[in-house]
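For reference, the structure discussed in these notes is given below.
Chain lettering (A, B, C, D and E) follows the sequence in which the chains are written, and residue indices restart at 1 in each chain.
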Amino acid sequence: ACGDSPNANKDNANSKGADFLAIGMPNGTVTESNNPFLGTAAASSLGYRWVMYEPLGMWNNVKPADPAKPWLASDIKWSPDYKTLDVTIRDNATWSDGQKLTAEDVVYTFNLIKEKEALNIFALPIDQVTQDGSKVKVTFKSSQFTSWHKIISQIPIVPKHIWEKIADPATDPIKQPIGSGPYTLKSFSQQGIVLERRESGYWQDKPAIKELRYTSYADNNAQTTALATGASEWSFVFIPDYQQVFVSKDPQNNKVWAPGVLGIHGLYINTTRKPFDDPKLRQAMNMVINRADIFNQAEAGYFHPELKSVTGLPDGAGDAYITEAYKGKTFSVDVAGAKKLLQEAGYKLDGTTLKDKSGKAVTIKLSDPAPWSDYQTSLEIIKTNLADIGIAATVEKPNQNVWDQNVQTGDFDAVLRWTNGGSTPFDIYQTVMDGDLKKPIGTPAQQGNFGRFDSPEATAALKAYANATDDAARTTALATLQKVFVEQAPMLPVGADNVGGAYSTKNWIGWPTDADPYAPMQPTQSGALDVIMHLKPAAS
Amino acid sequence: MTIPTSSIEQVIPGQGSMAQPEATKKAKKQRFRFVSNRKAATGLIILGIYVLFAIIGPWVAPYDPSARSNDLLQPPSGDHWLGTTHLGQDVFSQLLEGTRSVIFVGFFAGTVATVLSVLIGVTAGYLGGKTDEGLSALSNVFLVIPALPLIIIITSTLENAEDWLIAMVIGLTSWSWNARVLRAQTLSLRRRDFVDAARATGEKTWRVIMFELMPNLTAVIASGFVGTVIFAVLSEITLAFIGVASADTWNWGTILFWAQGQQALAREAWWWFIPAGLAIALLGTALSLINFGIDEFVSPRLRSVGKTKIKTASGNTVRMRIGFTPVLSQGATPVATPVIRKETVQ
Amino acid sequence: MKYFLQRLAFYLFTAWAAITLNFFIPRMVPGDPVQALITKYQGQLSSDSIQSLYILFGLDDDKSLWQEYLDYWNQLLHGDLGLSFTFFPTPVSEVISKSLPWTLMLVGITTIISFFLGTGLGVLAGWRRGSWADGLLPVTTFLSSVPYFWLGIIAIYLLTGPDSFFPSSGGFDNGLVPAFDQYFIPSAIRHSLLPALTILISSVSGWILSMRNMMVTVSSEDYITVAHAKGLSDRRVATSYAARNALLPNVSGFALSLGFIVGGTLLVEIVFSYPGIGFQLFQALGASDYPLMQGIFLIITISVLVANLLADVAYLLLDPRTRKEG
Amino acid sequence: MSQPVLEIKNLNVGYGLGDQAVRAVRDVDLTLHRGEVLGLAGESGSGKSTLAYGMTRLLPPPGVITGGQVIYHPEQGEPYDVLGLTDRELRGFRWAETAIVFQGAMNSLNPVHKISTQLTDVLRAHRPEMSEAARNARAREMLKLVGIAADRMDAYPHQLSGGMRQRVMIGMALILQPQVVIMDEPTTALDVVMQRQILSQLIELRERLGFSVVFITHDLSLLVEFSNRIAIMYGGRIVEEAPAAAIYKDALHPYSKGLLGSFPALRGPRRELTGIPGSPPDLKGMPAGCSFHPRCPKAFEPCPDKIPVLTPSGGDRSVACWLHE
Amino acid sequence: MTSIPDAKAPAGEVVLEAIGLTKHFPVRRKLRDLFSNRKDAVHAVDDVDLVLRRGKVVALVGESGSGKSTIARLLAQLYPRTGGDIRLHGETTKVKGGAAFRRYCSQVQMIFQDPFASLNPTHTIRYHLTRSLKIHDNAGTTDQDLEQALTELLERVQLTPPERYLDKFPHELSGGQRQRVAIARALGARPEALLADEPVSMLDVSIRLGVLNLLRDLRDRLNLAILYITHDIASARYFADDTMVMYAGRMVEGGDSETVTQSPAHPYTKLLIESAPDPDRLAGLSEADGKDAGNGEPPSLIHPPAGCRFHPRCPVAMERCRTELPVPLLIGDAPGHWAACWLYDRDEVAP
């Protein structure tokens, strides 16, 4: 009777999930928008844009230094100065409406970004896009060494024949997405999206999973509960005490993998405020922060992988970039050392109170919005750590809007915040130290350097690193950056960002692991497509 | 939103029940009758305990509520009566410390809202005319705007959401219902003779309002106050729970916020989540009881009849109810001439 | 007529004032939607995209607040609520139309049930004063003092689980599409049970208490005694005389609470991840999404006003004394 | 005339229980005869209403009937005690045998129902066999009887004037042709012109229909004019009972005398008004002995100690006063 | 056709005088009135003349809603008047508030119908009286003076010993005692005129007399001018020197009390007197009551009948009564006895 009901074949909604993979994100409700260029679209926030639209290549955040895996482009070549990109488009890809995918579509996509500033979310300085048969050449106004991965792996290629008819691609919700990926949109509701496998025309072997069911949960709690009950099989969410809350519910299958990437979290110090303009003081503070506590208590032992290297670069992803001088140098809590350092620098520990050179007690306000409970917990830990060297810290919890504004205008003592992430350490160091991003106190600094760190040396090194044409020059610049970062401690790094996820092997296996980190583990990254392509039914 | 539990018409003390001349000795007792109301007394006692803890809580708390320890997420024990949080903080101390903020915000917001509602409601009701129209329109606008979302928005504009600021916001946005009730009440009082009598005696307008009307509005004002306190407490806790208002002070909402953020229940740390909620519920109950007390004080009809079940002479138990007066004993045989009375001297 | 005009003027004035407030208050919030978005993604979104987002949201050209206000009215009068930022480029009207039915179904029906149930129990408690019904009162007082969200969370913890009948979140089973069919409807009902129960438990007592008090008050009116004196059956006196009159003051309370359906359920929707409008508002707040906030506030304001209007009409119908003639 | 229709025997009615208890009606014996108008007078708080409600068991909580009997003599059949009826029987008894008209007609009529509804629901309860049409016809007939146009059937109480409402109440009281109509200050809210109209009408109806009336007011001049017999209450007791004319001409009890000397006469010579000194007694601290003695100009030795009982003193009258013992 | 002259012998100095006093209360307009440009009003008081003299009591009787209280409130300046004039000692006064109002109050005081409502339940007797003394500067300068004044006041209204009452709350007093307090409060201003609006109607029969006697006593001792408003015409006879009868907002008859009550002229007054309960009727002392004339309702004050307002109920209404407003006409049986009724127009009677 209900044959034409969209739910007619959903009797198995709660039955064994042999055919589908349930992916969840704690994003609140979503509305139907599949515009792959817009971060706010459901397709982006849940990540399913990457199974409908594909990038030129696959870049693995976990191994950022590795070259991209060819995807829509069968060949990717950068000029040594990273100003010219040559790609060859594979000739067996088709759009889900059956049309062939050609280099023209790639040219269209790059031109679209170039012309529509609103869609140019990476602010790419595209100069020219030219086509020669299946080859496309894109030239840039400046070196793209630090952002090549975005161009290759984070720009979805869209079909020209559809998109050129769209009046305003920037504000169109693209309700009927046509892409080159292995899945097409089957149904949409504010809670969940179902994608089904393209049974023909995909340029590779089709994936094993017939249906992808994306669900947007209201918040972390709901998402975690869904993971624990098995309603959700894959997600990226902060789970406090994931062992008890998630893994223990099905220790055989419930797993978490959270590799670090080149993007970190740390305590930005306002270097314009006395006495924190003194690098020695910052260094001393850096020495007492108990990163292990933060990792275990605040980040549940997995979420922000513990930073070990004093350069602030995470293990794994950062290994390739740690320069000679700091290889093997790791953080350790050293209260005595810090005290000694302070004493030498003219500070006095008066009982439990640290007095600065002018005899004033050193106090510091740590601030982060209340809802970020892991940050809050971290701050509580930092607070007790700082007390060890006599610094009286208080934790403030302004609301997010106020906090944002304070951070940007430099109205803070210290905040825990993230850095940009990328394929090189450049983004991390730039966010913290770039003198070009520095704004006077009171003027919003939107891109970075919130602590108003002033180091011409670092600024120059950042420029040199981004524009270098050979690895030697890059290494030199990087060494300078790391030296400044370690010695001046403009920001006290506490943890790495991760591209991990919680997943279940009950129905599907083949997930990336430490042993085989072939792709990032986060369902919203473009690498998710790679993961899905790897998944196989669990033999039960 | 507080739902009025008594209708507006009958909130004037000294009316209705007392319309008949009563014994003079009873007069003094009158003053204490409110307290002798069982509901009110229970409510007041519980509230008193809360207020006491609000004052001494931070001093008697066994631990610094923010202090971390190594007992992470421990269930209740002799050391930690209500267990610890994921950072090893003592939940019981947090609860004690949090009482102050809750009570403070509740009472401060209640005061602000009450003052506003009295100013606006009584003025509108007494002066009437254009003033009334303007002020009524104002309170209607505030009545229409949903308070909680508004409070959330305003609170999120605040630099640092300290307790008194939050209380201020709650107070400023939640006076309208009381103002409306007070206006209606004032209107009905204004028609009563003693107001005209005071005017005819030559009293100035402000004196009429302050000394003739206001004392008669005490019960209404008090119940409005208590209602706003309930609302303010719940709002503050809600704000803290969803992480909007977030000063550094502890309140029960903050405890719940942390507990929920750390998924206390999923981690079976019930001691972290349950007590704060119960504390709220108990405080709310106490305040509601006080309000019932006021209602009953003001409208004697609501007072529960001392004893509602009585025994008749034949041993049956009957319930007192309207329409069927209980008969305790019937003279079995008609008494033709009543000669001897059971009672002679009293 | 003057009365009618006054009423109309009142509704218009209130609407204007509320809409104006709705316009200005969100703009007092420091920070802006782009920044809020960046912050929301905590590093997942590169700060390179800031400029493109400003352009995308149309926030790149500086307009005076006043100009924006005029534009807003202009848009509004054309029935255009703008595009939501959080769900860019979804129009606000679409966001609202997707979520409003959920709220209306869940909270609307619950409020109505709560009203009728509470009123019914209140009638009993008021009429049978001193009987078992009095035992309801302390329990309901306590339950009404329990914060919704706390109750909801405990309910989720205790009653939901992998094998439980009650789902822990959402408005329907994942994988279903809203449609009126035998798959979706039962699922939606199942998902609404716990939140509905939570609302019911904490809201019903208000009705019980106010109805009980009204019953008690009305019960001592002379006409009740007359009704007894007339020898009418107890049930007839209780319903047609006492309850019928006691109901009147509750009607406006009911209308008011109907109006607050949309605004008052934020937390239930948050706790149960219910895809309704309160949750939407909460999201909009976090994202400085003015257009969405304004849209939702507009809906709330309109619904409160409509509810008030209904209350006026209902009162007119129920109380012959207000039906003045001649 | 001398056939009793309602006999109140040793009735005690109080408010509350235990030490809060108030005895508002004390040991009252009173007989209502068929077809007579019995007036009940006494100042405010003397227990008139309590007596009226008590004998019909309509007293709201905390009222209790602590003892006594109310014997009703139906037209046919054996007399029975109203206080001993079950709830069901009592419902059947009410209005069919005794109807009550209260002081405020506005408050006696349910404001939200049409008067037709309120008239007919008596019939629906007591004469379920009657058809809808018959009920309406009867209601219309009653309205006509009390002088209200039948087209006001569909009016709501607030659309009628005070006098009309009171007439509706009287019509409603008579709709089942009861034997006894109790009227508790039925006209105090009306002005004199209306009061007279209604009372004259009532008396006329009584003559036609032959029911008995218990008429309560504290306006003695009104009572004297309209009733056959008057009972005077003070402090919950009946202190004097006599034919109206007898009381007017020569009240025996000092309190009755005082009452009669309290109202100015409209006609005739301007007589000296004496009034009653002091204030009414407090039911909780009732003076020992005769409760009137503190105010009594003629109080003497036995008064403060012993309670006088109502004793016949010849000529169909009785008085409770040591002076007349 | 003679209009009423100031026929009264100048028994006492005129304290307060109302001339052509009129009060209309505007009525809220309804939907259907939108298209008619009518402005409705309750004609509560129309064209009323009244004179209060020192040492005299003027009674104002009339049925409920005839505008008696409105007159009292107008005279107390509690309502602004629509038309006419109020003269205090011959001077036109119109005060709304402030010092002028207080000055006026100190000479004209009002007592309300309901002693249960006119005293503020939250204040003690002492407060009520102190306020009244203080406002009009009669409290003296020291506490002793005040105490003295309070004692005097209470003694004057026969609440003795005063200490027993001073610190009580109104609800602790009986109705008669409360009304005495209300009177004492009015006296605290040392007024020359007292407006007593049904001061005893809410009191018990046995207590009424005491309060009325008290008022009479005050009239004699303090030489007060008293307006005694009542609907009990018998008490007017007993207590007042002059009696005025009101019907539907207009004065219909006036004269000295004995004459008005014993030989009423206006049909309405007759109806009123006939209707008053009269124990003698039973004894057959009065004439048999005829079919009562006044069957019918009091008229609407929003659209009062044209001509004589009583004509729809009047058993002897003439054609003229329906159209022409009767003017006060002297009856002639006693000095100053007049009635606004065409029956007494000589032109009418003559033919």
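We take it that a residue touches a chain if its C-beta (ideal position, glycine included) is under 8 Å from a C-beta of that chain, and two chains touch if they have at least 3 such contacts.
For reference, the UniProt names are B, C = Peptide ABC transporter permease; D, E = Dipeptide/oligopeptide/nickel ABC transporter ATP-binding protein.
Everything numeric here is computed off the predicted structure, so don't read it as measured data.
Listed by label, the chains touching chain A and chain D alike are B, C.
For the pair chain B and chain D, chains touching both partners: C, E.
Centroid analysis (C-alpha atoms only) places A farthest from chain B.
Taking the CA centroid of chain E as reference, the farthest chain centroid is that of A.
Looking at A-B alongside D-E, one finds more C-beta pairs in contact between the chains of D-E. Centre-to-centre separation between chain A and chain C, using Cα means, comes to 38 Å. Annotation: 90 Å between the Cα-based centres of chain A and chain E. Note on chain placement: the centre of chain B and the centre of chain E lie 46 Å apart, centres being C-alpha means.
With centres defined as mean CA coordinates, chain D is found 54 Å away from chain C.
In chain A, the residues touching two or more other chains are 225, 400-402.
Listed for chain D are residues 44, 53, 58, 60-61, 87, 90, 279-280, each touching two or more other chains. In chain B, 21-22, 156-157, 242, 244, 260, 266, 305, 308, 320-324 are the positions where the chain touches two or more neighbouring chains simultaneously.
Across the complex, chain B is touched by residues 10, 13-14, 17-18, 21-22, 25-26, 28-30, 128-131, 134, 141-142, 144-147, 149-151, 153-154, 156-157, 206-207, 209-210, 213-214, 216-217, 219-220, 224-225, 227-229, 234, 237, 249, 253, 256-257, 259-260, 262-264, 266-267, 270, 281-282, 285, 293, 297, 300-301, 304-305, 308 of chain C.
Residue ranges on chain A touching chain C, taken from their complex, read 2, 5-8, 10-11, 13-14, 20, 22, 28-33, 35, 38-42, 117-123, 147, 150, 170-173, 187-192, 194, 213, 215, 217-219, 222, 225-226, 229-231, 263, 265, 372, 400-402, 404-405, 408, 418-422, 427, 431, 446-448, 497, 524.
Touching chain D in their complex are the following residues of chain C: 129, 219-223, 225-234, 236, 240-241, 244-245, 248, 318-321, 325. Of all residues in chain B, those touching chain E in their complex are 12-15, 18-19, 21-22, 24, 26-27, 30, 192-194, 196-203, 205, 211-212, 215-216, 218.
Partner chain B is touched in their complex by these residues of chain D: 7, 9-10, 13, 16-18, 20, 27, 29, 44-45, 53-54, 57-69, 71, 81, 83-84, 87, 90, 279-280, 282, 284-286, 288-289, 305-307, 309-310.
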